[in-house]
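Both complexes below contain chain A, partnered by chain B and then by chain C.
For the complex of A and B:
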């Protein structure tokens, strides 16, 4: 009689082999999962850096350091007058209720901005030409704005009227504004970019500090994950805001969670980007 | 004999293939994501470079006079565009828009791939530049500046800055200049000269002021209207609300800034002697010979005459508000009569807005448009 089946040693050997194979498969799966997680995390880090590379230079390029757009300069924090809107007056200004008050009418087109004017947060620069025969006396009156009401421009196009409380451009006085129809009006918001630690997760982020709140714009970064260096036109570091011609930004981002490296150790990889931004609006002549 | 083979080899191989495929898929997927994201960043940089190139190139070939002729009124605009170096495709497109007499807004959009205009298929960058006219520098020393001046009855020359009726967009009046500055000044009892001082006697002879020759040549090189020598009646011509700037005898409309040709301030260059039979105009008038005014004539701006100015006809009204520079304004025995020349800084400035160069504002001219 033939008995079919396995002997106990055969079964033990088979089980052992299956165990080894199973462990190998599990290890392979875990390795795959770790590799996927690591790649995702590193992708996120690089994506953060790309956002930094696209976003921060865009904020800084439009600044005019000579005219005071660098409000406060720090190694890991920078407060600026960030440009937000471009509009154009369609009428000469009219006197407002006080000596520094002017009623201005903006044409609905051309207008460019990443959002509309917000009287609660925005201020304006208004171009002051003065003597049209020379650009040497050109400047910008600046000040706060009130709420907008609908208006009509002389050419029949829709516009908006608002009252601005302005400080005259350098070299001008109240009542001698040098502002004409067609003058560009630039809206700006004073805000800061700084390194900060979130009270919620304890991680470091690059934060945007506005008048009302602080919000993370990218991260997590390392505890030294944001650094500014201020350079003059010759490339030397300067501490005088009016001499700044270029700003170097360093961002060091790290993964949100720890990942395993090739040796199986848990690490938080760091990647970094360095950007050098020339300030396009510094006075030219 | 066929042996019955039982085992797990096939299953194991299939399992390994599945795992391997999964690993490969994940790697490829993440790699593609990485490549796309990096590509987007690179395209953003390229698009911005194209846009900055466009900003620099958009005004090539334009002078204030030529641009003012195309864009007569505030907020008029023209389309423009160009290709980058080594590219056949238009790498940027844009518009130039007039804001007022001396300000223009250049806006440029560029995409990568070059020529793209739709955000869904390309990375786009929009930049703007506010530019202004930097006029040819001109310091007026007198309402009438000449080598030799002879004034007769009815000639009234004033160096006191005057606002011109109807022209509201002017700065407050400036301090006065001299009435007449010349090497030889001959006035008769019927003429009036006023200014601060009334007259300046220069060391010039009866030639076109040497210091103004360069100015004349510079302005002539930027002329927007070229006329041959001859006799001309001038005045604004328009069809409906469109000023006819192709008519060389249309020198603008000084009577009303809001008229169709009220914003048209040409630089007129006449290459020889000219007889003006009458009319009106404003801008800059450059004459390579003599100017003989035979009919009623009103002009706002600057007149430069390399030869002699004559206005001898009786019973006609000749008025110039701005400044006149000539070799001779009348001569002994044939004085300049019946003419009123009044210095107006506003009209001089307005006319010079057609000259010079277009330059970015000295601060805050560069703008990222969204």
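For the complex of A and C:
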């Protein structure tokens, strides 16, 4: 009798080989999956660091420490005056209800800004030219603003009027403000960037603290995920805000879940970015 | 006796041809890895050059000194940054920053680079 087919030993050998091969393939796939997980976790970390590298220097570079834009300097928190608007006066100021009160009219256009004026949160600098023949007596009056009402400029264009409570520019006094039509008005907001722990997920974030609330800017980061160092123009650490010429920002972030490293151990790698920002608007003379 | 199939010589020739192709692929992977390495080192050097520019800007209107700095990554020397100032007499100081990769030019070395910028110190 001849029956065609496989013998039992042949079948066993084939099954054994298949098993070995299958195990190898599964091992390979698991390695690939681990690598994929590790990659996507690390992408998230780098994404956070990239936001930090793009966002924080841009916000800090425009500051002028010599003229007081650094309001409070901490190791993991920084409060600054951040410029938000630029507008132009279209009339000479008129006296308001008190000695420090001035009625100012802004042109609707030109106007530049991240957002419109918010009387609850914003303050202004108003350029005080004084003697128009020399820049030596120029300065800025500063103070808070009230709500806006529509107004018309002398040339018939649209504008809006508000009352500001101002301190005179250095060297000037209440009543002799030195403010003329055409004076630029800078709107700014006092806000802070700081490390904080979210009450929602218990993780650490870099947050933006405004007068009214705290918003996460980037994260999650590690519990020591944000560090500021304040350097003078020679690169030495200083605690005097008016001497700060550069700010070093250090952001550390960690993968959310543990991933396998090259040797198969479970780790939560930390990555970091260090940025050095020189303050562009510091006076250089 | 006649059995259909490949002879040993045929199989060997086919294997050699396949191996040449596979080696080509492996070489491509090596080139890719090398490029990634160059990119990483170049990023480290660029970050150092950026920080150097910021330092120069912060100090330029007070004093300007030429200098050289060695950029290392995990204690491996990557490149030298050399910077020099020129004062054309118009209070706009010219800064030239040259990246000199360490070692002989090789397929795995980062490119040399030169950057010139101006720092204004006019009133």
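By definition in this document, the second predicted complex is superposed on the first by the 253 of 285 C-alpha atoms of A that agree within 3 Å, B and C clash if a C-alpha of one lies under 4 Å from a C-alpha of the other, contacts with A are read in each partner's own complex, and residues count from 1 in each chain.
Assume contacts are C-beta pairs under 8 Å (C-beta built on N, C-alpha and C of every residue); 3 or more make two chains touch, one makes a residue touch a chain.
Values in this document were obtained by computation on a predicted structure and should not be read as measured data.
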After the superposition on A, what does A:276 contact: first (chain B), second (chain C), both or neither?
second
Going by the contact rule set out at the top, does A:199 touch chain B (first), chain C (second), both, or neither?
neither
Once chain A of both complexes is superposed, is A:246 in touch with chain B (first), chain C (second), both, or neither?
second
Which superposed partner A:183 touches (first chain B, second chain C, both, neither)
first
Which of the two partners, first being chain B and second being chain C, lies in contact with A:107: first, second, both, or neither?
first
By the touch definition at the top of the document, which applies to A:127: first (chain B), second (chain C), both, or neither?
first
Of the two partners chain B and chain C, which one touches more residues belonging to chain A?
B
After overlaying the two complexes on chain A, where does the chain B footprint on chain A coincide with the chain C footprint?
135, 280, 282, 284-285
Chain B contacts chain A in the complex at 12, 15, 19, 22-23, 26-27, 30, 33-34, 37-38, 40-41, 44, 73-75, 97-103, 105, 107, 126, 128, 130, 132-135, 137-138, 169, 171-172, 348-350, 352-353, 359-370
Under the definition above, what is the set of chain A residues touching chain B in their complex?
21, 25, 28-29, 32, 35-36, 39-40, 43, 46-47, 50, 53-54, 58, 61-62, 64, 66-67, 83, 86, 88, 90, 92, 107, 109-110, 112-114, 125, 127, 129-135, 138-140, 155, 157, 176, 178, 180-184, 186, 280-285
Looking at the complex, which residues from chain C come into contact with chain A?
47, 50-51, 54-55, 57-62, 120-121, 123
Residue numbers of chain A touching chain C in their complex, please.
135, 231, 233-235, 245-246, 274, 276-280, 282, 284-285
